[in-house]
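Look at the two complexes coming up: chain A is in both, with chain B in one and chain C in the other.
Our next item is the complex of A and B:
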């Protein structure tokens, strides 16, 4: 107890009593001990020569990579276009699948909480928890390399994310508006179209541009495993150590990301 | 208790229609939490009669009107609307009967992100198919009626505004239009004025009663404000702990009756006197 009575009747107050103080110190001690131990383990399995050498190598690569090979841009237009398409089509496909999933998962719209809702939640969790690169590897094994595999990988990866945010929005709607529409004698679908959809439109638009923004970034790396887009050029250039090309590609990716960031900020601003 | 026709009131029904519209038979509602919100309530409401339902909060007023259109499923008893038992209906039958019961809510319950016109037209959802309503292709007669109603409540200029741009009183007027465009025989009104200032409250109550009068509608109006209820209705029902404790004309609301419904208080100031009423009528 922080407040203690001492002999002369005054009260003293301390943040922790003696036992709490001891555990506090003991946990700090244990924490430091674990840190030191882990550091030793890491140190043993690291070739320190490479680490000490790293700044020199990095500097070396930087000099080789500058200036970027500007005219290589002519070979990049198509991959850039592919990358944008993968992100955009993937997001659209994901939204088409995420909307019904969200309605099935939301507690106030699901037709059955016992069977259908858990299935919808399972879809959400499983698609969300696997990285799009891994989806791409799987899909390439199934449908072969190319842009289509990229679109599907992005779409599958995004379903869970979009559906989760959407179903949370559905669960937070104002139920009174739904009741008012129900009371007019509207059918189930009309209640959905009039009572629920207008309320979740801002969330829907926000989720769509947010996910599109993320997918632009994700689709730039899909090419590394052969799923189309600018990543393909990146891995090819890395393999032949063509550093000036690599630096140009990185600049292009940076610009694309900034652009998507700007667009989604504008759109979100317009909605709210 | 028996209801005697009132002698004269500001919002009386001149019609002598005593045909029965709504009849509740031992209506009981026990919520899953165990709350006995209604205990065997029986009531008869003739066509065209405006009834105020008063009672302390938690008395079961909202539950009562929600059981009538089955937004809340009654546990026991019957709701007969023109001798059709609402409690027995399948979901499509229930939708058909709901068209005949317009509902008006305390916090308006407009779809905030839709326009005033869309909100009014949503009262026709029970009559038009899904795709027509989805594409906003309502029959011209519905649109004409919507404009007529908006004009009647003084909101014609607001038709294209979004509902969340309106003031409380304006929103409630839109709510009234939405209920009336259903072409109902009965209005279920849940505390229409609880979120409004005193002046707007009176205007809204007057509007509801005038419209009921014009269209020969019956209405059940839940209301906190006893004086406001007395000003406008022909019959008052007092609810307490889920059962009816008073049923009679507004003039019969004595301090004793109010004590029975609400508990011990000095009720003298709450009850309207006739001379006051005349003075107000003159001002209005």
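Our next item is the complex of A and C:
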């Protein structure tokens, strides 16, 4: 325990000794310096006049945006249906691709740890670290704008997420059940179907619903880059500064997000 | 006398169905099939356009073998730096703000009015998409990294406060009570009774959030909120797949480094 002797010979307890104090202080100093530098950079590229003006602009936008243009909802039903489809089909497609990836990536089921596992892990990392909007941008450049690009973007983005959670679940399974099935003389595929799959089923269902919920959120904005769904209407309304329409769309998106979160919480509660 | 066992003898084992009630099983299956048909039918795929695009897709995949870091090096460097700056600044500010809000959103610490206010802040921040917040903030504050910084801070608050509050609600009451019994004031109670229990998880979650913030900062540029997204968008629009591939590889690389670092830090604090 670090103890320091003060002038009159008494000993005083301290949390850290001198060296720890110095490193602690130095790391805080470095952290603060980095933050100040970052802030300075942000501040340099900001037009502060606009910032001081911001409350007025915000109030202005708010007055323009209220009340929402309620009857515009009639034009929104189809985009809402598209958004739902993008999320659902995207999730289904992602799950179809994520399950094999997860089995290839899990240490206890992969056919080869040297070659196939790193490839599967690379797929997981690269699909996960790129946002679905960027995937959408890319797919639009390749296959053209539309709902299909949105479905694919959501699907690709979700592979990594689902496969990561699934392969972690596969690695945590109870090996005894697998052994029991193997002991009956089951083939490799039968072991998978009766020894492993029943054990990861709850995790699988949980991941599927969880990801579906996230995908509903993400598919609402995919239209901003032209990949279909309600985001298309949002960006069109923003471009013509039709603020009453924007506010209605934002309300619809908020409701959709809350509803999907409620559904996913209910379903996960029922499964797990 | 026949027992339940006797009737089963001699019959092969069958996997029990997932849903026991027959009519429910069939109607769920039929509903799913109907929905799938309707959903797939409503997607218009222009297959000739897709076919034409396949070449471009192949070109894009091939461009990963020869990413072009050089010809737009200046733009890439500026964008990356701006993304990192926004990430750091927003993470620091977001974490600092989310600690008091997280304390307020924990029912076992905060009084009811504070709890409700903090919970509604958390709910609002979680319900609004980053990109939508960014659009609104760009409209209000003008183009530039300030809007991105504010967006990421706002999103960090919702994420971190919620998880911190849940962690505090799940903490061990005994330790906190022991500190209280020594006659500690409220600040001392938080500092010595609550903070040590949630600190490891708070650090882990903060690191995770830094990682998410960087990934999100890569798209904020699409709506003019600063960062690498604008460069990436331009590269796609001009079909400069080599540059786009370089940027994507950089993003993946930085995310991997951040994940690795946060793994080390989490392993050390836990």
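Keep this in mind: the second predicted complex is superposed on the first by the 237 of 272 C-alpha atoms of A that agree within 3 Å, B and C clash if a C-alpha of one lies under 4 Å from a C-alpha of the other, contacts with A are read in each partner's own complex, and residues count from 1 in each chain.
Keep in mind that, in the parts below, contacts are C-beta pairs under 8 Å (C-beta built on N, C-alpha and C of every residue); 3 or more make two chains touch, one makes a residue touch a chain.
Since the structure is predicted, the reported quantities are computational estimates derived from the model, not experimental observations.
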- Message: Just to be sure I read the superposition right, which of the two partners does A:71 touch: chain B = first, chain C = second, or both, or neither?
- Response: neither
- Look at A:199 in the shared chain and tell me whether it touches chain B only, chain C only, both, or neither; answer first, second, both or neither. first
- First (chain B), second (chain C), both or neither touched by A:141: second
- Task: State whether chain B or chain C is in contact with more residues of chain A in the superposed arrangement.
- Result: C
- Message: Touch test for A:181: chain B only (first), chain C only (second), both, or neither?
- Response: first
- Message: Looking at A:225 after the superposition, I want to know if it touches chain B, chain C, both of them or none. Which is it: first, second, both, neither?
- Response: second
- Query: When the two structures are overlaid on chain A, which partner does A:189 contact: first (chain B), second (chain C), both, or neither?
  - Reply: first
- Message: Just to be sure I read the superposition right, which of the two partners does A:52 touch: chain B = first, chain C = second, or both, or neither?
- Response: neither
- Between chain B (first) and chain C (second), which, if any, makes contact with A:13: first, second, both or neither? neither
- Message: Applying the document's definition of touch, where does A:217 land relative to chain B and chain C: first, second, both, or neither?
- Response: second
- Touching chain B in one complex and chain C in the other: list those residues of chain A. none
- Task: Going by the contact rule at the top, pick out the chain A residues touching chain B in the complex.
- Result: 174, 176-177, 179-187, 189-190, 193-195, 198-199, 201-202
- Query: Which of the residues in chain B end up touching chain A in this complex?
  - Reply: 69, 71, 95-99, 101-103, 105, 107, 109-114, 122-127, 130, 133-134, 175, 178, 182, 188
- Message: Applying the document's contact rule, which stretches of chain C touch chain A when the two form their complex?
- Response: 35-36, 39-40, 42-46, 49-50, 53-54, 56-57, 60, 81-82, 85-86, 88-89, 92, 127-129, 131-132, 135-136, 139-142, 144-146, 149, 215-216, 218-219, 222-223, 226, 229, 232-233, 236-237, 239, 244, 248, 251-252, 255-256, 259
- Query: Where on chain A does chain C make contact in their complex?
  - Reply: 34-35, 37-39, 41-43, 45-47, 50-51, 54, 57-58, 61, 81-82, 84-85, 88-89, 125-126, 129-131, 133-134, 137-138, 140-144, 146-148, 151, 217-218, 220-221, 224-225, 234, 238, 250, 253-254, 257-258
